[in-house]
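Chain IDs A, B, C and D follow the sequence of writing; residue 1 opens each chain.
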Amino acid sequence: MSFSNINTAILTLHCIDEKGIVSFITDFILKNNGNILELDQHVDYDANRFFMRLEWETEGFLINKNKIQEYFQTLVVNRYQDVVWDLSFNNEKQRLAIFVSHYGHCLYDLLARYEMKEWNVEIPIIISNHLDFKHVVERMGLEFKYFEVTKSNKSKVEDEQIQLLKDHKIDTVILARYMQILSPKIVKEYQNKIINIHHSSLPAFPGANPYKNAFNRGVKFMGATAHYVTNELDEGPIIAQDVIPISHKHTLEDLKRRGRDIEKIVLSKAIYAHLSKNVLTHNNKTVVF
Amino acid sequence: MSFSNINTAILTLHCIDEKGIVSFITDFILKNNGNILELDQHVDYDANRFFMRLEWETEGFLINKNKIQEYFQTLVVNRYQDVVWDLSFNNEKQRLAIFVSHYGHCLYDLLARYEMKEWNVEIPIIISNHLDFKHVVERMGLEFKYFEVTKSNKSKVEDEQIQLLKDHKIDTVILARYMQILSPKIVKEYQNKIINIHHSSLPAFPGANPYKNAFNRGVKFMGATAHYVTNELDEGPIIAQDVIPISHKHTLEDLKRRGRDIEKIVLSKAIYAHLSKNVLTHNNKTVVF
Amino acid sequence: MSFSNINTAILTLHCIDEKGIVSFITDFILKNNGNILELDQHVDYDANRFFMRLEWETEGFLINKNKIQEYFQTLVVNRYQDVVWDLSFNNEKQRLAIFVSHYGHCLYDLLARYEMKEWNVEIPIIISNHLDFKHVVERMGLEFKYFEVTKSNKSKVEDEQIQLLKDHKIDTVILARYMQILSPKIVKEYQNKIINIHHSSLPAFPGANPYKNAFNRGVKFMGATAHYVTNELDEGPIIAQDVIPISHKHTLEDLKRRGRDIEKIVLSKAIYAHLSKNVLTHNNKTVVF
Amino acid sequence: MSFSNINTAILTLHCIDEKGIVSFITDFILKNNGNILELDQHVDYDANRFFMRLEWETEGFLINKNKIQEYFQTLVVNRYQDVVWDLSFNNEKQRLAIFVSHYGHCLYDLLARYEMKEWNVEIPIIISNHLDFKHVVERMGLEFKYFEVTKSNKSKVEDEQIQLLKDHKIDTVILARYMQILSPKIVKEYQNKIINIHHSSLPAFPGANPYKNAFNRGVKFMGATAHYVTNELDEGPIIAQDVIPISHKHTLEDLKRRGRDIEKIVLSKAIYAHLSKNVLTHNNKTVVF
């Protein structure tokens, strides 16, 4: 749910489970005159872990907006163990960078959503190792940055890319069919902040040729998977997946054509969940509220 | 989620929304030493209504099990407006009656689940206006009650059926492709406690011949709908639905054959949600946690 | 299946069913040295009607390409009763016109596919009753034609639009969320050649507010339907549909947001089937091979 | 499609592709006064292989029913290369054996379909390495054969099982969650005639604990796969698959509960396709018409 006409604060938090967390935190918000609009919570009993997402109106909240972070740390977070938490405000535009190579269907789709203001974001930079989509990006008045990537310059290029992302204050990196494996230094810098789209229903068919492998195996469904990037290729936490039925009538070309459609939809579904702070990640698994 | 090895209490409640309900109720449970295992809540902003399902361990809870109902009424429910609520315990076997005519696929499926103990239920009585499945029921050691229903005796039969349901302390009535419309007196007696399976994706194709109508319209999907029975035919609150793709290759016979499979699965999905107290109903709509 | 590197002829034909049609036609192709690449056939026994799509290589075919139409009429079609048939060649670019109002998601998606050459088409004209997407169209070097439509000028505008479609030799008209009902004269001119996208899983929720109606009814699935336009609003032959699960958690805004994604995918799926000559229409139903 | 009131012959055939096969065979049927009811054909261009299923009325066919096999071999099959073919008649009851261990959901489902005469089959024998379902089988008047299987006696037991299958003239073996790996001698005897249900969307999660592995990986979909058994575990040709969405809310128990439903539906879907002679297998892939 999105509250477009109301200013809200969003708390996401996960920690070792114990009695009374929901009660304490909701009471804390309430006592400080916060109007809770949405509350999601989940307990993973196997992992003994508590997950929560809480959204409340900032209007009338007794703690000043720029003090909420500090007060929560002191009065709430410190009470619990092994807490991973985040505070954000729904009126803050998040800043995305898109990486693309020469498959354009995800890029086109993202740019269309951007121009139609589907999400509350800025996309200050599109980065590519190819020049195919320079004109598509630039005619929209956006910045396209080309890096020629070779084996020998890859490390240097990534340093420049990291600098560029920092200069543009990028919150989240979208790999829109970017055909390069990111090295650990960039992954570490943007942990759980790089979203990749893989063109199979992982863990089936990881690696470079999922459509061909699916075709050869004769499966009756194929899919797409959006996941956070980790240093293990195609093994990061899964945010969203979708599948479609296929049959012997579909050629490899058909799989690719139809695959493009689920790829772009699944990628955007994952981005929306991420931007809405609905994705909490722990131990390589996600809770998606 | 089901907690098969723990004794739990389950509260479902919906009321006019106001600040602090989650906080108050969770605090109440906590203060009385209740260990909350699962909490689901939802606010319908259009209807200004708050929905909640709360499950906690009864072991160690300071309020005696047979006093919880009274204490909650006094200390919790009375604080809020227009409250609809229910308290139950997960170790209580719920009692189902099944109504069937001469399509057996849902009945067979329900009886198989019963014998395999998929649900924590008793099925003391199967009622039919046909004799087709008498042997199927009776060879399992269950009671089969046949009623010949005619236009002239329908009202009298329903009186006998209501009495039978009461004698057997039936909580929930399952219409497993029962080809009779229940009259208001039986519907009123078991409000939101009679689950019907309709063989279309309602509201498309209500009425008696959904497969034929779907076939004639040339739709590309067909479905099944499980809903609570109200006095408006096929208009009751929807609990569960599912759909499958169809094409010109499917004859009317194919639709019926494939339809049977989604009918039985959707019906059981709805029954499971109902038995788990995951279905809250307000204004002809359900919240299914 | 598409044969991008081979020149092919495509015959679609439906007629009253009788013995030996497949045998006669495939033999005719074969005798004239045609290499059949794809053959689809279907018999609708209820309607007693035979449907066929046949694609063969034109290279080496003994009948000259510009004589095939005539020879087929004389030697094949005349043998059968109530024949509806079409002959086309896969290397001919089909010409589309897009009508749009002020929802842009389908338009953006179509233009992206166009620029990425997903289909073998020309789109010489985009027509709108609003100016919202003028810049989007024109910056791609395409022609955008604005018509102010009022109650009083609607008939005159449609005459101009028909003229414009004829001037541009348009084969197929795409209504990409065009918010005007086309009058019979334009429908008649482009029978089974105007594809509309409706934002529900027809026949559920026809008319103007399907998302709102779906929301109010509390259904658990929503969908989109691409169909040929007839004079009966939302009653034309269905080409493609898709559905997605929804729940109480989805607000009306969520339904609209998620609906946009299935709308654009279903519309494109239908267009692809239509362009590939895979859609045969008879008695308000389609056979989609 | 099934033609329950007509006697038909069904030819399935696949061979190296060449020009004119459809034309020749349909002409052959026609010349001998056969009324073709259904024709499916497919060309796999990568494998250069032609697949066909043809069903025609035997009433009035000029070749005597018990001579069709011989005539086809001589006059049709011998013309083509590397032909794999089968001839059957729709009024012949096929004979199934079911193997089961101690998960009963598939068995119950199969027996229910059997008793409701959904398929035109006999099930003369149900074989198990456990006694759990003896009463379920026997109260229906069917034969239940128990084999205690140990490491040391497995080979001997399989010899007895093969003999039993032969004595009962079994056409097709159904592994309804049978928890033993069949050895090559039994697999060889019933090539493409043993159907297994695997409780994952293969090739994801092969092996013994797919639900646990799916749960641990945090995937958003899970599935079931029906396939012919080969000597490579879980690698045989896939006949049917289905998937359902899952989320963090589902415990391992939930996955198992929901998995049972897709397992039994997918298994029956595969059996129906197999019995209808709609499944053609080549190079570890199926064509399912």
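Heads up, the rule we're going with is that a residue touches a chain if its C-beta (ideal position, glycine included) is under 8 Å from a C-beta of that chain, and two chains touch if they have at least 3 such contacts.
Since this is a predicted model, take the numbers as computed values, not measurements.
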Task = With over half of the numbers shared counting as same, classify the chain B/chain C interface as same or different.
result = same
Ask   = Among the chains, which one keeps its Cα centre farthest from the Cα centre of chain D?
value = A
Ask   = Using CA atom averages as chain centres, what separation in Å is found between chain B and chain C?
value = 42
Euclidean distance of C-alpha centroids - chain C vs chain D, Å = 37
Task = Provide the list of chain C residues touching at least two other chains, using ranges where the numbers run on.
result = 249, 251
Touch list for chain C against partner chain B, complex = 42, 44-46, 51, 201-205, 216-221, 223, 237-238, 240-243, 247-249, 251-252, 284-288
Query = For the complex, which residues does chain B have touching chain D?
reply = 1-2, 4, 104-105, 108-109, 112, 115-116, 118, 136, 139-140, 249-251, 253-254, 257, 261, 265, 268-269, 272
Ask   = Which residues of chain B touch chain A in the complex?
value = 19-20, 22-23, 26-27, 29-30, 35-39, 41, 43, 245
